[in-house]
């Protein structure tokens, strides 16, 4: 079953390059997304058997992130169906500078999208650190052509930065793998394989200096990909220039893949009794990300960049959560689910707004509720969801992290909690000005014709409802999975 | 101090002008010419010593002192330099510092004498000379420091006495880098291609030659002779590291003299196959030599 | 042992040469030479246990880093008609000096970590770390997209040196995956360079500056 999860999208991706006919390819995209979602759902019911001698195994963390990816991809695939039809005409006028540009061939787009899904699935099921690295690098490489869908200079710039910064970061993560390999050697004994379960089982035997160095390099490497400040510089560019569908996947799925990579490293650290060492780094990076997010959200003029910085901020929230030990990690993982759903919803909606208003400037979008009621309403709902207003799930998850901070009962925990809360308040103010200004008022200039179509509305609605549902009631199976992951991340504080 | 230890000194004093002849013959061979006699430098020196000197009225005693102090410094440095396994006349711990210092003193007085003339050409040459030597000196020092580290000896004579095949087997890469760096230092210090062209006739492109334009007669002979000694000294430095020792001291000495002339041939070959570098590029080459020496030093540090 | 050392010294020298080099063409050649030299590393560093795995790794590395990448980069440069000068932010002499300082720092860093016993040469770890930092330095100090790709390759070579020489138990599957990933990365970067050139008429990344806050 694990192999099916990987092979289905990979084969479909390769087939997409060969298939003739646009309709057939789009059909393939949707069918693959549905098949992947079905397989993932089946994984909740029946635990799949490990494959490749234990290198591929779906543990609790893998299952959680696989589900996020699968749901987002299904929503994105559905949205992409309509999006690709709309974008099918070859020459498009650039909305900012008015020149003509082409889109990349749809074959490449769909093919890379499916391979991208395969790479992300591989990330979630890899138990071997080397394989995990290969998979995370593969997500970078398969998503780079997606960012360059609109063939113009800004998207090219974003692609180049994304490729270079992430590749360099991930090369350092490879070095971290080798450090981990040295940490696992023993004088006179065969070294332990770099499989998560083996490392956790023998964690006490690992060489501490190498393990610490490996952890730091993992933070630099996967932290770059995850968008933790100050390593986030590629993120706003890539998210704002990619097509909205791709932005949704980048923000909701790719960042989580890197987060998973870091969690795996943290699991080993915790098992080796180095939880406190990792804790400081997590909290420092997390708070830095929150500060950077807050600074750039205030006074942001571009709503897609606003959403991108909001991703930096939310990654910071998760990092702080993991740094707070078991209870905080529970909140952080729950927040990862909520954030992915809410952020994907917002990015898809931003695609709607972009298509209608043909601008990314916040100040030029006015009267969204009047001009496009469905998109407008969802936009406001999405804003409430992402800022963590009750009754959305994000409220619960942020509250859990805050509670974990105060529950540490130590002065530093209090300070982390206070700073955390203060930054969230600043971000809330920044987001409110931007979002409500867009939703209310009268449109200043005539906007594009037509009403919102089903493909534009249905995926965000579903994603929004999911966040709402998670805020009202957490299903028991999800709760169990979250608890199990949080248990492996405990031991700190 | 015994009679044997004067042999390197005597060989240097007598044979060093021959090195220039060898270089010239090598270049002539590559160019397909017959070339000047091997002993041409001796003839030149003899001729110059016969002549009187003309001194400009704008110069002071510094101008006259320059060549003499330069020669004195070169002679003193020769006292310190062993030849292969044969120790130098004078050896004491850290004598390589004095050696480098004497080379510096020599350059300083050449530069001061050049500036004393007040000629703009000579000032330009002096500026270049000082700039380039500021870049070669670190390379020289770091290379010597590497040797100290490798052999554990503080004097040039014992240092070269120590270098053996075992050293090359054990830390060949570091020693190889040192030799490479010292070769570049040798080319730069002796104003050879690719740093400077000793045969150029255009003052604007000269470095070393332009500084001695105003000297004549015995002064010029002193300058030529000290330049020849300097070439011998740096060649002996390279040879001391490269040459493996044999059991027989006489054979050692013969090998060392041969190797010094071998270095001269190599210099001739380099001059034949390379063009002079643009002045802008020269600092890069010299810093590169420093980088090589520093790399060698780090490698030596790590290995021991 | 001595063979490994010579390879490592060559790696250091190629890195220094790269830092002081002003031509795109010669830089590509130097990186190619470094790739070939590193291809021999798995065989020499594990001379006592020659296996198909190391032989395969060597062949793959030489083919990829010594032949395919240079060919591909030369092609990208030729198609993009890049001027041959590299145009650094940091001058060549300063770069060289920085390189030597980085080398010193790398040696110092490696005295702080306990090395495994069965390591082929004491220089392996410092040289690997030197390559990594030199690669990073090249990426941030050079304008041309091609030079940045070369910097990335040097960085990757450093990681590879460390992996082959120091880390014991990487497996064939992972090594193949790593090589494949690097291959695709360079491939995608090369294509991007081509597009950058077509879009901007140059490949100076310092003019990629329309996206900022």
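Should a chain be cited, it is by its letter among A, B and C, assigned in written order, with residues numbered from 1 in that chain.
FYI, a contact is a pair of C-beta atoms (placed from the backbone, for glycine too) under 8 Å apart; a residue touches a chain by one contact, two chains touch by 3 or more.
All values derive from a computational prediction rather than experimental measurement.
When every chain is reduced to the mean of its C-alpha atoms, the one closest to the centre of the whole protein set is C. The greatest centre-to-centre distance from chain C, using averaged C-alpha positions, is reached by B. Inter-chain contacts peak for the pair A-C. If you average the CA atoms of chain A and of chain C, the two centres end up 30 Å from each other. Separation between the centroids of chain B and chain C, computed from CA atoms only, is 37 Å.
Centroids of chain A and chain B (each the mean of its C-alpha atoms) stand 65 Å apart.
On the side of chain C, the complex with chain A involves touching residues 112-114, 116-117, 132, 136, 139, 145, 148, 152, 155-156, 158-159, 162-163, 166-171, 173-174, 177-178, 180-181, 184-185, 188-189, 192, 195-196, 199-200, 205, 208-211, 213. Listing the residues of chain C that touch chain B in their complex gives 2, 5-6, 8-9, 12-13, 16, 20, 92-93, 96-97, 99-100, 103-104, 107, 110, 122-123, 126.
Only residues 169, 172-173, 176-177, 283-284, 287-288, 290-292, 294-295, 298-299, 301-303 of chain B touch chain C when the two sit together in their complex.
Here chain A touches chain C in the complex through residues 128, 130-131, 133-134, 137-138, 140-141, 144-145, 148, 151-154, 156-161, 163-164, 167-168, 171-172, 174-175, 177-179, 181-182, 184-185, 187, 191, 193-194, 207, 209-210, 213, 236-237, 240-241, 296, 300, 305, going by the rule given at the top.
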